[in-house]
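The two complexes that follow have chain A in common; it is paired with chain B in the first and with chain C in the second.
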Partner chain A sequence: MLSRRDFLKLAVKGAVLGNFYQLITPPLAEAVAAGEVKKLPVVMIETGTCTGDSISLDNIWTPTFSDILTNIVDWRYDWTMNQVQGDAAYRILQDTYEKLPSEYILIVQGSMIQRDDGHYNHVAYEDGRLITGIDLVRRIGLKAKYVVAIGSCATYGGPVAGYPNPTQATGVQNILPERRVINVSGCPAHPDWIMGTLLHLALYGEPELEKFGRPKLFYGETIHNRCPRRADYDQGIFATDIGQKECLFRVGCKGPVTYADCPIRRWNDRFNWPIGCNTPCIGCTEPGYPDLMSPFTVHLPDIPFPGGTKVNTDSIGLGVLGLTSVAITGHVVTSLAKGRLQKNLLRSSVKVQHRPAIKKVNTYHQYRLKKTKN
Partner chain B sequence: MLQKKTIFPVTRIHNPMLLEAWLENGEIKDAYISDTLYRGFEQILIGRSAMDMPYYTQRICGICSSAHAITAALAVEQALGMQVPPNGLLIRNLILASDFIQNHIRHLYLYTMPDYFRGPDLAPFIPHSESDLRLTSQENTIMTEHYFKALEISRDAHAAFAVFGGKAPHGHGIVPGGASMEVDADKVNRYRGYMMMILGFIDDVLLPDVTLIMERYPEYIDLGKGIGNYLSVGGFPSPEGSTLYPQGVILQGKRESFSEKHVTEDVTYAWYKPHGPLHPMEEDTVPDRSQAKGYTWVKSPRYRGQPVEVGPLARAIINKEEVLGHGALGRTWARAIELKKIAVTTLEWLNRLEPGAETLDRKMGQDSGVGIGLHEAMRGALGHWILVENMRVKHYQIVTPSALNFGARDETGTPSVGETSILGLKIQSEDLKEAGRVIRSFDPCFSCSVHIIDGEKIRALEIPV
Partner chain C sequence: MKHHVKLRKSVRKQLQKGNVEGTLIQSQPIWVRIFHWGFAFSLTLVILSGLQLHKPASFLALNFSKVLTIHLISCWFALGFLGIRIADALIRKDDSLIPKLQDLKHFPQLMAYYFFLRSSPPPGRKYNSGQLIIYTSWFVLFLVATLLGLASYWEGEHLIWVWRLVGGFQVIRWVKFIVSIYFLATIPVHIYLSITEDISRLQAMVTGYERKPTPNNR
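This part shows the complex of A and B:
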């Protein structure tokens, strides 16, 4: 173990040299320089996605992208960045798969499209045949050191799996039940969450995960518990429509059931975030988003569920969130009930009359979670 | 003797694009461009709350999220009879403008430039695409620096987005009725600060770089022309009612005014249950992979039955601005000029903001209705057609710019502008780099082509010789 003094010395030296590996592990840095150890090889496969997570990753503030490519990862296959196209690009993926088994990290962006055996999404062309997203992710994923799913679509199906889920989209874990998938959810995932997870994998191995496979480091606490408008909530001061400065719980905020560190991390140069923008959190990091979080903004007497059910606003307040939390975490309901909720809010909101919509939605989200082995 | 080449994936494009080109003596004689992903957003949107549309439709595309947001908001506002206050209009312009700037900078450096310069010996730039590189090694080094600099500056554009939009991509700031963020000096100050840094980058780095590429590759200025049909639906409204970009159409050299009534979509060569050319309000989206003629998931939108080109070049031509050429680098130049124009205009919009004045008006005239949202997105004209009943979406159809540029062939077999533009290209490289240059100049984004290919069936198509 390094003493604190040694560590400080190292940190200063690393900062001067500006080399990432030197900052943390000098022996590794020497090995990298000598060419004995390669940078962490990464390949990215895009399936049913909007590519929003690539764009989000480009938005990373620290470290800069040039630093990432130069010092941290060997960003091999990513079809938004590769200079070559066609076979030459696909060969990079093949080479990595054949020559570096159990060394590379597979990043998957986008939901797994299952309809017609996956033929609604082709991602590669091999020997005159088109390869489906599911087949490629399974093939590359089984030999990867780690599989990281980024974004809501890759983790739990996301907006593509919204009711009626026309493409039978699902998360990566469901098509790779043999092994653990590290989920970095969010719509899009915050660049810090993606890069922080990769860095953890590079330096310390697999991060501690919570029950839905997400790193506890980033998804360990609800938005609600760290929300700057929490004081309003506790005192029962609620906004009546979006665009107002008070707690947005009554206009659809899903902060109480959403696990992410947005309130303290904030987005893009850390100035703003959805609740700071006077709009409700839409729960984009949770399994079941978007259906269990819809409608995003509750402002009508009747809440239309995609399945066709209507729920009255009087019963919706805690109702939707309660149901969501039953479906998601369970313990949030109790913490809400134990918390300092205003009586009038409870009175108007705990009654729940209709549940079928949730059931219907739920069939598309089967979370088979791997038991922790190590 | 025709020789077939299949390029998949065409990289540096949003989402999968498959190019199947038929060559004779090194010249492209026929080409099929197809999108190999179907997600079915138009089906998913049915039955949802109309108020959620600006948020949900953003998830169609990660690089032009705010364009979908604003177009969906316009459609919902028209359907429900909502009025946006002047401040709200300006803030929405500012959000969309910063996203335009982000998109244009990233498209120029991340997607276009690697076709013309040799990147560093570093993944993901290796292996290099060696053919037809004309920059000196010193210029290559400078261009690499600019590449990474552009990545950093484009973050600033998204940070400006987040000032009024909450987060980027997939922001929260654009909602039916206006914008959710209030105006104060702090926010104006921040937005302006980012914009000044971006303007400095555009003047000092970006425009000289584009000029350098045009000097070294002069033939590409006019290589890869479209067919002379251009369309713009206009965008960036001011409170007085005028717009930064006007609406208009040019069909075979003749200028006419735009009417959404003439927009139709056909699915003869796409994977949908067949119907003739129908207006977006009448058609529906029923995916069907057994369609024998289908080769892509993109429908074929037409204006008056003709394929049209959309994008920065079309906007410039319709706005009667000077353009240098109509080919690949002509489009790139138009994009760079537009980038500067929008960045400068944001400063005017900032000046017109009134601190404290309302930005959002949620009053509704009715709870059912028909709405048509039309707004220029980064890559061209975007339209959302919505039918709302009791605040719920009854019908939703989206015509995206990439569908206009790269849609399937229509019922008469006429190819899209994108497929036409690479015909006759002389190919020297192994991986059809020349075609890649032309295709990328349209800034195609197949996430946006909401509707997509089955490999077996492509080959079943009869290729006219």
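This part shows the complex of A and C:
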């Protein structure tokens, strides 16, 4: 726990240097400084990816990316960050694999391309042959201490696995069933989620994971539950168009079905986030993104039909209800025309042996049964 | 001015005498009727509130937290009524709602009747093959929707296997929507046929008794 004096000192230092990482990770900073904890060896393999998660991670604040490289982790292999290239770079990966088994953390960014044994995604050149992404991830992943998949593509396939998924892309867990993969999803993953997971691994080991293998501390609650516009939702005050300041539920916000802490963490150094910009959440951290979340302006996904046509679920629902109405109306009309309706009603209503009727027989209010022909 | 007419005892007796054809038999016991109307009412609330939660109607300015509360309470009630029906069926050893192969063999003939290719429906047990198929599908789909509903109610704290099996909240939402559409499409058919085919069956669902032709008339 920070004392008041420590807090003020850090606040002033942070304000001057913009460096708050000690505030966020004091035990790790102390442990690293005391030499009690070794810097985490980290290797990152990029497969079917746009490198968006690297760009996201570069923008971390705070700790800054330089703090991370200097004080927290031993960032050994990463295409985007490497100072060397070719064989020299690949040798670092090989050395880590051979000399630090069960010590290094493997970060995978990008989906696993499975079609044609993964030959649409070559990630290395070794002994005169091209190495596929799935081969390298499996080989390095089996000996890693932890395997962390970052971004929607590496976790659940993401946009690369979108319909019709020509490359048969999938998430890392599916090609590494022997290992528990820690999923840090998002398109891209928030830098805090990536670095927070790494720090947790360094300090406390594996974080508690939720149902889809994501750390509960970042993905434990739906966006909807923490949304600052939740009060609007509860009162039924909805935006009718994107850009308005009310709850964006009616324009397709996926906050109710998306687990992430965006409302409290926000993006770009906590400056803003999609709903803060009056655009709906698109559910980028969830499995099935983007197919299950698109179109982004309606709740339910379009359903693909053979031939490539996609029809909106709401339209299908309305179509089915319309068809039922037409069928019932048609049946009523035909039943009336054929006399079935009348026949059924007469058949199933009460039948009497003779219809009882009474008539007034005199002025003294005495009655007797009226005889009728049966 | 209202007159109170006094009938002679003999006349009154004659009027009260059973001069109506057929016999009254108990068709729907009390617990079946309680289930039917209770389930119908709560399911209607579940579907309507669910649709409102799914896509808020622009002409309704409802308090959504209350809509959600109504949805959840109605779900629990519907489940409770279904529990009553299952318990009742077990106690009475009632298998009238369990489809048998013999029932299903009559299904094409029943369809022929509904499409005016036959003049009368095929013989059947208490419920015809079409009813058995629809009721069984309702039972199965309601249980599926309940399981998915509970999974989303607990938001991933429990029933984690359901989440993994299904693949996420959005799929749960999608399946629940499709199930509601199925209910919305088949319930009007049920109401329509129950009114137009045999009105005494509908009466039985209120009074419990159905008038059947006397045995010698069969």
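A few points about this structure:
Note that in this section the second predicted complex is superposed on the first by the 260 of 374 C-alpha atoms of A that agree within 3 Å, B and C clash if a C-alpha of one lies under 4 Å from a C-alpha of the other, contacts with A are read in each partner's own complex, and residues count from 1 in each chain.
By our rule, contacts are C-beta pairs under 8 Å (C-beta built on N, C-alpha and C of every residue); 3 or more make two chains touch, one makes a residue touch a chain.
Not measured: the values here are computed from a predicted model.
In the superposition on chain A, contact is made by A:Phe249 with chain C only, not with chain B.
Using the contact criterion defined above for the overlaid structures, shared-chain residue A:Asn272 touches chain B, although it does not reach chain C.
Of the two partner chains placed by the overlay, only chain B lies in contact with A:Met81; chain C stays clear of it. Once the two complexes are laid over each other on the shared chain, residue contacts for A:Gly236 go to chain C alone; chain B is not touched. Of the two partner chains placed by the overlay, only chain C lies in contact with A:Tyr259; chain B stays clear of it. Once the two complexes are overlaid on the shared chain, A:Leu130 sits against chain B while remaining clear of chain C.
Once the two complexes are overlaid on the shared chain, A:Glu46 sits against chain B while remaining clear of chain C. In the superposed pair of complexes, A:Gly283 makes contact with chain C only, with no contact to chain B. Touched residues of chain A, counted separately for chain B and chain C, are more numerous for B. Comparing which residues of chain A touch chain B with which touch chain C, the overlap comprises 299-300. Across the complex, chain B is touched by residues 46-56, 58-61, 64-66, 69-70, 74-90, 92, 113, 116, 119-125, 129-130, 158-160, 162-167, 169, 187-188, 241-243, 267-269, 271-274, 276-279, 282, 284, 290, 294-297, 299-300, 302-308 of chain A.
Every residue of chain A that touches chain C in the complex is listed here, in rising order: 210-212, 222, 233-236, 238, 240, 249-250, 254, 256-259, 283, 286-288, 292-293, 299-301, 313-314, 316-317, 320-321, 323-325, 327-328, 331-332, 334-335, 338, 340-341, 344-345, 347-354, 356, 358, 365-369. Those residues of chain C that touch chain A in the shared complex are 3, 5-8, 11, 14-15, 19-22, 54-56, 58, 60-65, 67, 114, 116, 155-156, 160, 163-164, 167-174, 177-178, 181, 184-186, 188-189, 192, 196-201, 211. By the touch criterion given at the top, residues 6-16, 18, 36-41, 43-44, 47-49, 51-52, 55-56, 59-63, 65, 106, 110-111, 114, 119, 122-129, 148, 151-152, 154-156, 158-159, 161-173, 175, 178, 180-182, 190, 287, 289, 297, 359-360, 362, 390-392, 430-433, 436, 447, 452-455 of chain B touch chain A in their complex.
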